[in-house]
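Can you keep this structure in mind? I'll have questions shortly.
Every chain is named by a letter (A, B and C) in the order it is written, and numbering of its residues begins at 1.
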Amino acid sequence: MPLLSILKYLAILVWSGFVMAPLTWALTTSFKTANGVTSGPTYLPWIGYEPSLAGWRSLFGGAGGIDIVRPYLNSVIVTGSASLISIVLGTLAAYGLSRFSYRTGFVKNADIVFFFISQRIMPPIVLAIPFFLMLQFLDLLDTRLGLVLVYIALLLPIAVWIMVDFFDGVPRQIDEMAMLDGCTPFEAFRRVVLPNSLSGILVAAMFCLIFGWNDFFFAFTLTFTDTQLLPVAIVSLNSSVTPWWSLSASALISVAPLIVIAIVVERLLSRGTLAGAIR
Amino acid sequence: MSLVLNSVSLSRGGEIHLDDVSLRFDRGGLTTVLGRTLSGKTTLLRAIAGLQETDRGTLTRDGEPFGTLPAWKRDVAMVYQQFINYPHLSVFENVAFPLRKRKVAESEVGHRVRSVLDVVGLAAFGERKPSQLSGGQQQRVALARALVRKAGVLLLDEPLVNLDYKLREQLREEFRGLLASQADATVIYNTTEPAEAMMLGDRLVVMHEGRVLQAGVPTAVFDRPASALVARIVTDPPMTIVAGTLDGGRVLFEGGLALDAPGLLAAMPPGRYRFGIRANEIEPVDGGGIAGRVTFGEVSGSETFLHVETMLGEAVVQLEGVHRVEPGRQIGLSFAPERLFVFAAQGEGALLHAPGHGEG
Amino acid sequence: MDQTGLRFYKSSFLLPGLLVLLAIILFPLVFTIRVSLSGWDAISPGLNWAGVRNYVIVFGDRRFWEAMLRLSGMAIGTVLVQYVLGFALALLVWREVLFRRFFRVLFLIPMMTTPVVMSVIWRTIFHESLGPANDFLGLFGLGPYPWLTSANWAVAAVMLVEIWQWTPFMFLLLLAGLLSLPREPFLAAAIDGAGPIRTFLNVTFPMLAPVSIGALIIRLIEASKIMETVYVLTSGGPGTATETAGYYIYIRGLRDFEIGYAAALSITYLVVMIVLMTVIAKLLVRVLVGRSA
């Protein structure tokens, strides 16, 4: 059916266009100057407007922009450490929940798993004020450590959720066998279970990084200047006289590392690893 | 020197898996545990291995308490019914794993692993990953890993059940040789197949719904099953068992057939009993006999089993050789009354009389 | 697996994660409940006791309940569109399509981008005279439209951005589900001579029901937090046309500093959300599984 085929590719191309539109717009805008912006929507350099690197320069100390290096570093450090800690704690907890039965009063494994996952229902605004006061009390307001703590609360549930499902799919006879071969549960976990769970951990890590990197609200309410994270720095450019060129350049810089994650996620998807991890 | 279970019970979620089990396993002996699926065999092995905590009772080994040790200190090796190996390690490293864990010197590891792989016929496959092997080969890797340690207790949980018929026969032969060489170990082998249990075991334990029904030398259990239930479990195809009455030298079966009771049977007190006859004791006869209709026939190896609907209920008839019998065909059956087992009419049907050897 | 000698190990695996989460989450939750029973505001900060007064006010706060309703409408609307589009896209690049791995990566990209940063870009796109949105529609003789300054268009703009951002998430979960389906049912359908539409209705869709339920619920939960898009694009305006519950709480709490009242709003919001999510989850299971059974 060639007609159906044509429609299929047409649909794919239309959606691709929609997906790429904002990013393409940002790319072309990042090379504009004030003149290029105020003369109305133009798309092609040299033809529509005179390209300039001013927008990009403004991110690295140039005029009229923000210094992006420091917030970038903050974002990398905070997201990276919170993800790492969440993966470690989440993987251990998920392994326990998958393999052992816990019973305290009426609380059973399923209830504990639900407690972890239910954290995602919590609207950020409910947590924001107490987090603010808690960090103030701990003297951690406007510090990376404070943000890492808060991000762990956001990311740990994701790690537990993905890893419990993953470990449920790893035959438990493997770890039992390791214990009969003389391993304590820790050794069985480290020597036998972990090497067979790397793809699951990778999936969990991807999701932690995406959700951590993309948070704005907590970074916005819990930091001021010292530990401003990337999204906050970029949004601070957003005002009535927004320098569109700096804004676009910074947006592209912030999105860039996640393109790599998109490629990794697609690989996991096509290898079928993701299907096991997400159900 | 032996492994002893004393009144061990275990239940989970309201289901009883082991019910007051007392058993003794001797070193150097191979005990087969025979029972249907969910009879508690697997739980028995898991309790011995320390993978499942018991509720009551004690386990001792050579007089020392054993049940309180964690699994990783018990010196127990196990082969699962699924082919369980470490997927990320090569065959060689799989087998070497328990040795490395015990800090055995590298030269000795190499030597021992190679010789065990040689024994199980996988010498050429050391570099492969388990997933690159066939099912039978994977199970041999699992066996090699269990053997290489020279563990004091070796548990095998229906290791052949997931293999196809031919491979099962072949591996069963191999296992017999390999397990016999484990003279210092206590070996326990679970199976659902009476023939396998008879062929491999020095001793036989029959389990049902978490209880031990009978334990003893396989031929003794086979010749004198403790009850009608044991008789059905240890014979394949299951013994045909029919209720009836013994009265004044005649056996009157439910369904109306009457036979003269021979010798010893005639001497038993009159009353209601259950009577059992093995499939291989029933013969088809041309004309006459007990009338029956074939419901289906199955060919297994070099034998044919006919399931026949008779006035006595369903009877299973074992024929030598391969026969084609159409379902629905009318045939006559006969058996020698002196080959009848007699069980009590109540409960599981305790054995009251078994036919002797050499008769009939 | 319940074994001898395991107690220590059992706790060592679970407790670090559980205790850390409890420590970080429990304080805020309990604290919020306490604050909601106080009259904490800019004039008299601190934990005095106001009883349930805040809740009584919440009950009669029209602006809050309108924001709740608006939020529910926007969340359910965008999630349904995301589901339909995501499903369609997943089907498009599921099988024999040229460059399918390239398109899969492309389709995933929006969910990887920072919502708030992209919202800033979208704001420039929706600019009435300088943005490309009206320029593009002008090609078809449409517009110009007052994207961010008229109530209906502002709602449409927020929803469009949400759809752009999160359709990939639906796409990802549904494609993962599609790729894990066994082949046999499709062969059986082909042998029965079923066409593509019947195969979809009788095989593909029912088999993806569990994945669909999971994906819809996850997205509804996340969509119930719509707020950053609103903050950047419209600041809730014009008027209160795009104000969602989260954004309203933010205004009362962190801008007007009526902490006690905002806490009461938060708790009310949380309770309503949990009840709604439970009901929706049950309904979804009935609709999607009931149909295919």
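FYI, a residue touches a chain if its C-beta (ideal position, glycine included) is under 8 Å from a C-beta of that chain, and two chains touch if they have at least 3 such contacts.
As the structure is a prediction and not an experimental result, all values here were calculated from the model.
Counted as hops between touching chains, the shortest connection from subunit A to subunit B is 1. More C-beta pairs touch across the A-C interface than across any other pair of chains. Each chain gets a centre from the mean of its Cα atoms; for subunit B and subunit C, those two points are 57 Å apart.
As a whole-number value, the distance joining the C-alpha centres of subunit A and subunit C reads 16 Å.
Within subunit C, residues 1-2, 6 each touch two or more of the remaining chains. In subunit A, the positions touching at least two other chains are 176, 184.
With touch defined as above, residues shared between interfaces to two or more other chains in subunit B number as follows: 50-51, 70-71, 73.
Residues 49-51, 70-74, 76-78, 80, 82, 84, 86-88, 97-98, 101-102, 145, 149 of subunit B are the ones that touch subunit A when the two sit in their complex.
Of all the residues in subunit A, the ones that touch subunit C in their complex are 8-9, 11-12, 15-16, 18-23, 25-26, 29, 37-38, 40-41, 43, 89-90, 92-93, 95-97, 99-102, 112, 115-116, 119-131, 133-134, 149-150, 152-153, 156-157, 160, 172, 176, 184-186, 189, 210, 213-214, 216-217, 221, 230-231, 234-235, 237-238, 242, 244, 247-248, 250-251, 254-255, 258-259, 261-263, 265-266, 269-270, 272, 274-276, 278-279.
On the side of subunit C, the complex with subunit A involves touching residues 1-2, 6, 9-10, 12-14, 16-18, 20-21, 24-25, 27-29, 31-32, 35, 85, 88-89, 92-93, 97-98, 101, 103-118, 120-125, 129-132, 135, 164, 172-173, 175-177, 179-180, 210-211, 214, 218, 221-222, 224-225, 227-228, 232, 245-246, 249-250, 253-254, 259, 262-263, 266-267, 269-270, 273-274, 277.
Residue ranges of subunit A in contact with subunit B, taken from their complex: 171, 173-174, 176-184, 187-188, 192, 195-196. Across the interface of their complex, subunit C is touched by residues 12, 50-53, 67-71, 73 of subunit B.
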